[in-house]
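Here it is, the structure, as structure tokens.
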Amino acid sequence: MTGLQIAFLALSAVMLFAAWKVVTSDIIVHAALWMVLSFVAVAGIFLTLHAEFLFAVQLLVYAGAITALVIFAIMLSDIRELRGEGEPAGAGLGRRVRRLVSRRLGLAPAAVAVGFAAVMYSVYRATPWPGLPPGDPAPSTLAIGRELFGTYVVPFELASIVLLVAMVGAIVLTLREGGREKEEKRP
Amino acid sequence: MPTLPIVGEVDTAVLVAQLIFLLPELILAVTGTVIVAISPLLRGRERPLVFVAATGVLAAFAGLGPSVGGAGEVLARMLVLDGTSTFFRPVFMLGALIVIGLSPDYLARRQVPAGEFYALVLFATVGIMLMASTHELLMLYLGLELASISGYVLAGMLRSDARSQEASIKLFLIGAMGSAVLLFGLSLVYGITGSTNLVEIGHALTGGAAATFRPALLAATMFLVAGFGFKMAAVPFHMYVPDAYEGAPTPVAAFLSVGLEGAAFAAAIRVFVTGLGIIQPNWAAVFAVLALATMTLGNVTALLQQNVKRMMAYSSIAQAGYILVGLAVATDRGISAMLYYVLAYTVMNLGAWAALIYLSHNGQSEELADFAGLGRRAPLVAWALTFCFLSLIGIPPTAGFFGKFLLFSAAVDAGLFWLAVAMAVNSVISLGYYWNVVRAMFMEEPATEEPLKASPVFGLGFTLAVLGTLLIGLGAAPFFRLVSAAVVTLP
Amino acid sequence: MPAWLVTLGWAVLKASLILGFVLFNALFLVWWERKFAARIQSRVGPQRTGRPFGYLQSMADVFKLLSKEDVVPARVDRWMYVLAPIVIFVPAVLVYVVVPFGPNLIVQDLNIGILYVAAVTSFTMIAIVMAGWAANNKYSVVSAMRAAAQLVAYEVPLVLAVIGPVMLAGTLSLQGIVRAQEGLWYIVVQPLGFLVFLTAGMAELNRAPFDLSEAESELVAGYNIEYSGMRWSFFFLAEFSNLVAVSAIATTLFLGGWQAPWFLPAAVKGLIPPVVWFLAKTYFLVTVIMWIRWTLPRVRIDQLLDFGWKFLLPVSLANIALTGLLFPVLVRLGWI
């Protein structure tokens, strides 16, 4: 096993563990931070594949920007849920039983996840994968830029329309009643 | 003019020259942007925007000119000009035009921000048109997201209505999951073939490659079927549809049911027939089962509904089941029948939804009881609705009849007798719930005799839908030729 | 000696150099800021410890901090409380990996240079939210929330301002951008970009007039309110380290990095080594930022966010458009 493989396995393990904690953390701020760790591990995997550009973008966009938005959403929600106080009360056996059948933490989602992993593992094992996809395995930032503004310039612009729609949507869905005519008076 | 540089492997001058093929989408996107920009300046008097939006769509129709008759992939292989895209692009624009015409009265009554509504409908139309006219998976996915995100926002536009918020959230959560599943499938396909172009993918899988990579290919197919299933509202991926359509503003539900679903079918044809055609027996069988489950469950559940909006949601599911028969058959005849049915479904379904929009902008709700005596209060609407229902059931000489007939004969032709029989049985079942509405309209006493009103714009939109249903049925021959020609160019 | 040992040795050496720089820099800047602020306020500042200028004051502070009891308040979110100072400190150090101190004086010239800087510094916000949340204190949570809002609002113009020099130089590598400025510093053709960068940079640093998250008159102290001793000093170190980092990046992007002024004759250029130019420019900018801090009053949170989103963002976008439009002109003039 090469060093790169070890790094890949270690990062994947961190990523999976973090992702598991995202789902099972009772305190939602913890979930958000585990998500950051999961993103960072993915960025690390990009680095082991010599995709430096993707590494930086993954950190900037996911670990930075997306996390910021998630934290905003959390900060604007009900404080009782943040501290994990909406959880099933009681202690000992009752709590444990309720956890087992919980839709978030229980056996059923765990079984689905394990089953899915087993199926995909067997698929991956059974397929004689072709080698690297054609093209430079580690394209430089320059090459990515050229492709993005050359071959893929139409999807690039399409993506900006998607972002425009998201922006318009965010405003439409959150603008306060009457906010259209005059802005809210500030203290 | 200065010479344009060559970026990467693309000659920018050629790219710019080929933008003419993208004219309809460009016009729609620009119109949408202009509407968003000017609507705050109108300070609530947003009614005239309907004309801006409609003009934009009509201009986009005109913009199709250079693309008609073109063949091949343009714009660095991002856009494909063939019979299928020539067919679907105007169909989707027609759907958008009808929805825009039906909306203004409803928007005014329910205080939906009209500017953003029209803009998002136009943007979503860009998305669904591109989904149907590309061989590039990246474009397909971006088009899908453009249409879906617009849909999430449109569904939540009744700000004070909790059900509308619920519809938006449900569409968003399920839609995001559907997209994720679809992407996972696409990533497997890319991993096997090393290409994101469907034609290239098709080539890469020939010559024994499909057999070599069979396990991964089957897994990919599974994810793709599920991903598209969510967008097509196919059983068992349909759970969110009734709640979403019931809660969403009625014009939005109408638009989603024809636009997004239609685009999902168009994109599925491209992905499965063009890209994965070589393993057709595998996915066709899955689609056959899905078709049966979808039409049966949709029709049976629709029978139990008291709310007509919900009933229409289940009816949409059932119709999706009929369309799926085309993919289950997967012969040229099946695909061309499918194209025809999508066209027929667009006009007849919008015609039926129009009656619901009509009721709610007159302050009525969408319960079955509200339809009582509609035949006396608004005879024209009642008859038009009845006509659209006849088409949805599949009674001659409507568009729906020919659509079903084509699908039916394609299924028989391909030896899928059981599916053909299921279609026939389902059509009979569907008679039940459509009849409930018709009976309420013509045989029950209205609660009040107060006449109902509609603006001329609404009338135009409604007329377009009903007339379309009639014309596509009565003059079916040219449309047959159109869809047959469309399918010949599929590789 | 095996090759991997050499690599490892170099890595350790480079890491300790950066760490040493960060620590020494903080020592110097604490003293410098106190003296400079005193000057602005017509005071003398520290002068007893290390007469006559109080140059040992920072050392005394360090011993004080080191000797303090390590207090972890009850009912804090323990893991996050412990991790936050580390998470804020690590990116502050990692930034220096790509900063070109001189033509050869750079740890690693990544070809994604400036993107790497943006990526690494985006962790600061996470650390601040961790600290504010973990302390289980209402002031610290409010402070963290403000910091998050502020960082998001100013990160966007900051990154957009960077695009100007990147467009002109045609590379993301910081060393490449410096080399491209041999004929002309980009501040001449990017004045708008420079101002946006410096303003947004100050906001990212949470420094007055943008120190809303540490507004002591309303929030007691800010997100680090429950921290003391060594843990607190990590926040402190990171703050000064980031101050220099922003100045160093601004120097690199707009002031020609380690290049001597382009108008000087070659003979004069050779007199002063590049690293001196670099440090002089950087600490000049540091001083400018301090000067602004001690001169201007703090803005209100709504003014702050309005300024970021409604003024800086459009200006930075306009700067990109302008740069694109002027690009052919500049090329024809031979300026770039």
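When the chains are written out, they are named A, B and C in that same order, and each has its own residue count from 1.
To be clear about the criterion, a contact is a pair of C-beta atoms (placed from the backbone, for glycine too) under 8 Å apart; a residue touches a chain by one contact, two chains touch by 3 or more.
Quantities reported herein were computed from a predicted structural model and do not represent experimental measurements.
Of all chain pairs, the one joined by the greatest number of contacting C-beta pairs is A-B. Centrality annotation: A (chain centre taken as mean Cα position, compared with the mean over all protein Cα atoms).
Per-chain CA centroids place subunit A at a distance of 28 Å from subunit C. Separating the centre of subunit A from that of subunit B, both taken as means of CA atoms, is a distance of 30 Å. Work out the mean CA point of subunit B and of subunit C, and you get 52 Å between them.
Touching two or more other chains at once is no residue of subunit C. Multi-chain contact residues, meaning those touching two or more other chains, do not occur anywhere in subunit B.
Residue ranges on subunit B touching subunit A, taken from their complex, read 6-10, 12, 15, 22, 29, 33, 36, 40, 43-44, 75-79, 113, 116, 119-120, 123, 126, 130, 136, 138-139, 142-143, 145-146, 149-150, 152-153, 156-157, 159-160, 168, 190-192, 194-195, 212-216, 218-219. By the touch rule above, subunit A contacts subunit B in their complex via residues 119-120, 122-124, 126-130, 133-134, 143, 146-147, 149-155, 158-159, 161-162, 164-166, 168-169, 171-173, 177, 180-181. Considering their complex, residues 77, 80, 110-112, 115-116, 118-120, 122-123, 125-126, 129-130, 133, 141, 145, 148-149, 151-152, 155, 172, 302 of subunit C touch subunit A. Considering their complex, residues 27, 29-30, 33, 36, 52-53, 55-57, 59-60, 63-65, 67-69, 71-72, 75, 140-142, 186 of subunit A touch subunit C.
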